[in-house]
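Input: structures, listed below.
In what follows, chain A forms one complex with chain B and a second complex with chain C.
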Partner chain A sequence: MSTVAPPPMTSMRALDSRATAERPSRAYWAGFVVVVAALAVAPLVLPPFWQRFVTEILIWGLLAMSADILIGYTGMVSFGHSAFFGLGLYGAAAALLWAPGPGWLASVWGVTPKLWAAMAAGLVAAALVAVFVAFFSTRLRDIYFAISTLVFSQIFYVIIFTWTDVTGGENGLTFRQPPFEIPGLLAVRFSGDGIHWFVLAVVVTSYLLLRRVTQSPFGMVLQSIRENEPRTRAIGYHVERYKIVAVMLSGLFAGLAGVLYALQNKFAAPDFVLFLISGETVIFTVMGGMGTLVGPVAGAAFFLLMKEVFSRIFYEYYLIPVGLIFTLMVIFVPQGLLGFARRALNR
Partner chain B sequence: MLPFDQLVVQIVNGLVNGMILALVASGLTLIFGIMDIVNFAHGDLFMLGAYIGTTVFFTTGNFWAALVGSVLAMALLGAVLQTTALRPLIGRDPLTTILATFGISLILQNYALWQYGPVPRRIVEPVSGHFQLFYVDYPWYRILVAVLSAAIIGGLYLFMKFGKHGIWIRATTQDRVMAAAMGIPVPWVHTVVFAIGASMAAASGVLFGPTVGVNHAMGFDFTLKAFVVVVVGGMGNLGGSILASIFISLLESLATIWVSPAQAIIVSFVALIVTLLVRPTGLFVPTPK
Partner chain C sequence: MANRLTERWHDEPWARNEEFWYSGKTTRRRFIGLTAAAAGALGATTFVPAPWREAFGQAKPFKIGVLQPLTGAAAAGGKTALVGTQLAANRINKSGGINGRPVELVIADYESKPDVGRRKAEKLVVEDKVDVGEGGYLSNVCLACMPVFEEHRTVYMIGVCLDTTITTSKCSRYIFRPFDYAPSQAVAFAPHMVNKIGKKWHIVFLDYAWGQTTRDAFVEQIKKNGGEIAGTTGIPLGTADMTAFISKITGTFDALYAIMFGANAVTFTNQAYDLGLLRKVKYAGDGAVAESTHLTALGQKVEGFTGVNRYIPVMTKPLDTPHHRKFFEEAKVLLKQMDPTGPDPDRYVQSNFEAMNFLKLGIQKSGFKGREDSMKLIQALEGMEVKEGDDFPQGDKLLRKEDHQAFLRQFIFDIHNGKHRLLDVVPREKTVVPPACTFPKA
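Now for the complex of A and B:
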């Protein structure tokens, strides 16, 4: 990417600063290591309640991060991420409940890797929904895109809510947590700390992957669609294809968040497909800072902390102060909590 | 093998629901057409209007007082919301208005839950008679609701067409800058339009109140339906959204002959998606040149 010779220092200072900013700074990686280390140690020092809390932040953070690919990098506000999340959740549930028992894969591997089967099923379910949504919604722009994603997620909600025989309807599905397995090597039951580390590993890997994607030529095209769509098209990029891939990528990682939620909480309920989850995802992303990938995780942490604090003061009406703070942030701090560090985070 | 009587009953139902929806959607489309604001809280204005209606109804015992009181209170609330939360957003990306109004929707919905509790409340209808429509006793009240909704929408139409301030509103829709240059107080037009939209939502809330219980979650359904209608009818087009309301409600009513009401809503979603793909400018508007 950086094969272009840096322009003369005096004439083009702006470009020059970009050229030197290509490589991530040492401070960034130092911060990254500190945060990941803190999150890894967290379950050892925190009481069980807060331990679960941190794990949940990571899961919701991954969901918000996936939404950021669309909202922050491509400039398409999705109000339908609950569909991907929910299908990931139900896909994993289906695999854990009805996957063929020992004997089918046992003959091949010696064990039944239920954990990986659940992940695969969740991702496939989310990907199928993403193909469907991407095919229709990417033809639309701006508000129309937002409304059509919202409508798609409601369609999936209605299907899951009313198809009681398979999905359990309003009651949802409960299942057992699969053990952590590496086929042929080991199989151990998840401890409380274990599930946290597993989630942390998946989320950090996803973050690094998504970060790489946003910095790749593909990610640059997405950002150029955000900045100026007609111009991107005029240069010769097939904008629709890029949008379809962006929606699918985003949907896939949202589905992964759903799978993690299934593994942690051992149940699936239609509430997680309801549009409220999509709304919260957008809140996480906007509050934390669009277009930063880390911001949405911070946004999720901020939102869940506010929820925790306010629900002790206002009980179930905590959304009144949260809604107020969100509205004020949209008006006065539209770039979000980490928006000020956007350039540094994207190096 | 379509039973004729069932068909007629569902068509009447669809028309009545369509008129209520048209009242909500015309407020939404008015707000969008003039300010480019996608009002995510519109259904919650409808819900809060219905609740204020129940409060006035339980204190005065008079349905019509509840209707007028709720309309006035919500007009005031609408004006306050517009000046405090939405005026700073004018000129920004329309998507930020979705976010801001989504925040407002959370506040209003949970305020209603806090203030009125989770148990649905009922307003008693002012007209309690029924007439025989094949196998059902059809309440006259529902017919009255349809007529009243049509009257309110007709009044709005006449105001927009002939009233001095209505012409101000239309001028602002066409060209904000030119309207300001001609001496029209554009910021106030915005506030008043939002107040009108909110009060129309409140009116439909109070009218709809007696047919079902009033609860804090009823707003979202209507937000979603009103969105569907406004897009199917053509964003910002008043006539289109009225026709689309009736069209969508008829579709849903007819669908309930075969599927449960919860599933019937999918029919309107499919109608929306087909519209967006085939004719994104809206089904009921002339082809733009």
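Now for the complex of A and C:
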């Protein structure tokens, strides 16, 4: 019995160099700076409701971006992102409600870094769930993978919904927003603008990190799995391991989106673990453009804005025009809003 | 304006009644009237000093932000609850408003979802700049929205949400609940349950926060009154086929207590009856099981059910008052516009109607002018005692200062010949439980 050794590092570097041969153009970076700058000044020019709305778009955009790692880059459709998002949300909530008060940590740093404790707890919770889901789901492919992620998210939903003593059950958990703090240096309460800028900073950093990941040799292998899984396996890559890491990475960033939602809205509810959130995440990704990272953010913005505007015009029938537009987009713009720029965005 | 932008059901027949709204659809006649009024108002604005403007009928309305689920899983209950709010607003405006200022409802549909509720609450206080909030149907949405009102220092008078923690562990100085809660109901009903229905009980409850806290309250009170608990069964919210859960309710017990509401209550009663369970034991439960809106759907199957409720639509003593009759008849007209079968008003209509009247009295008493006077309004409402009358047809009430929880009389009833029949009235004083709230520091 012969075994196939993984390709040597030189060939991976070759893939890497091929990926980075086309450097992003100045136009790309100019566009990036303009968009980030526009988002940064948004709270200064928008009315408070729309300011909050933009912050929420960024959070849902990060969730969609995380789903894009699986859907757009690895070719695995996940209906389990609500579990990662929800566990991130509940992890942060747990830290904010039950983390040690101004005790031993305060004696070390002078303040209790609740913000960072919440972020760490949310990420750990999402990561643990991601490991669990990844271990079992990645043994399956295509529709079976999608169904298994859906089943796992519903399992977590039922646990959260019925474990009232800990999760608050249907009522969820409400908590106070932690201050922004740098241990030993400062601790200030978040203003409306402040939370927006914090979310923006996290989302932009996440985008740059995920962009780097998708352009790395690891990201190339993920795209190779998407294009032709048997061939990727045949040339020696341990496809399951790559898939597991992809699910974990995706789950981690989905959890981060959950943490940001907790920080902005100060409550956690089981509805966020329900499959409907996963469904909306897939819609954001498809509408925005799969395999582009920024496309899903644009998709989230487009979808949420459409819902908000149409609900003011068509009232309870607003989902009809939303559904029609989505159907038309799938037929006439199957690549999504930014799909046309996919190549340029992945340089 | 904002309410016209927000909700579609303004166009529905029941909402088209011109007298129903302070501001509604524009007809030709109304257009001419409004134009004349606008010309007058413009003149007043231009030529009259600000303090005199009120004298020219330019009183700024009190904006009341109303949160209800008008779409989604809880839409039916939300629409019914809204009738109570609108009935009160209608009466207030007809009688000259509050302190000379009319009331304008800014209604937001939260789609039965907590995240939407949170966003809509934010919209009400930030964009629509409402003076106070009212309404709420689903407890989880109320709990999600409460911090928004607290953060923006706006009083929120809850209309339906029953979860115990709203006025206990999660209480807030800005939040008031002007109707009963599970611990009060249990204290009021348990003696009757144990002494007149049966000693040994099985409790079936909706397995989520409200169901669980209500179960705990009844388990405690049944035992305290010398009864026994044979077992409890939780059924997940929204379960369409409950037969698997019902078939597990076995053993020997005298009576079954159901903690259910809405479609869940209808499903459970239907299926428990069909499986023969309700013919073997006595059937009792939360008044929400046998709301008047359910009676047609339940028919014979709910006959003999005994329940406790803060409101039942009967005209026997002590509810045969002119105030109650007036409320009943006016509410019935509005409900018929919403639902052609013409259901009787239920506790959701009653509690929202009275919630609005608590706000009216609080504003009158405190001289509240806008959100900046929220603390004055809170102080006026804390400890407020009201008497049975046109504004409070259900009966006397106390809005306790320590937790902003109201205490009121409870009605024990059964279903006889397809209608509510009053069996007993538990006075307000016998429903009181100790406060369990520590308000967070501002």
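Some observations on this one:
Just so we're on the same page, the second predicted complex is superposed on the first by the 324 of 347 C-alpha atoms of A that agree within 3 Å, B and C clash if a C-alpha of one lies under 4 Å from a C-alpha of the other, contacts with A are read in each partner's own complex, and residues count from 1 in each chain.
Simple rule for what comes next: a contact is a pair of C-beta atoms (placed from the backbone, for glycine too) under 8 Å apart; a residue touches a chain by one contact, two chains touch by 3 or more.
Keep in mind the model is a prediction, meaning the values are calculated, not measured.
Once the two complexes are laid over each other on the shared chain, residue contacts for A:S191 go to neither chain B nor chain C. In the superposed model, A:T327 lies in contact with chain B only, and not with chain C.
When the two complexes are overlaid on their common chain A, residue A:F272 makes contact with chain C while staying clear of chain B. Once the two complexes are overlaid on the shared chain, A:T205 sits clear of chain B and of chain C alike. Of the two partner chains, chain B is the only one touched by A:V286; chain C is not.
Contacts of A:L140 after superposition on the shared chain: chain B is touched, whereas chain C is not. When the two complexes are overlaid on their common chain A, residue A:T162 makes contact with chain B and with chain C alike. Annotation for chain A, partner touching more residues between chain B and chain C: B.
Using the contact criterion defined above for the overlaid structures, shared-chain residue A:E170 touches chain C, although it does not reach chain B.
Contact with chain B, but none with chain C, is seen for A:Q154 once the two complexes are overlaid on the shared chain. In the superposition on chain A, the residues of chain A contacted by chain B and by chain C overlap at 158, 161-162, 316-317. Contacts from chain A toward chain B in the complex involve residues 77, 79, 136, 139-140, 142-144, 146-148, 150-152, 154-155, 158-159, 161-162, 275, 279, 282-283, 286, 316-320, 322-324, 326-327, 330-331, 334. Contact residues of chain C toward chain A in the complex are 5-9, 70-71, 109, 113-115, 118-119, 122-123, 126-127, 139-140, 143-144, 146-147, 163, 165, 170, 207-210, 212, 234, 236-237.
Contact residues of chain B toward chain A in the complex are 38, 85, 88-89, 92, 94-96, 98-100, 102-107, 109-111, 113-114, 220, 224, 227-228, 231, 235, 260, 262-263, 265-266, 269, 272-273, 276-277, 280. Interface of chain A with chain C (complex): residues 47-49, 52-53, 56, 158, 161-162, 164, 168-172, 174, 265-267, 269, 271-272, 312, 314-317.
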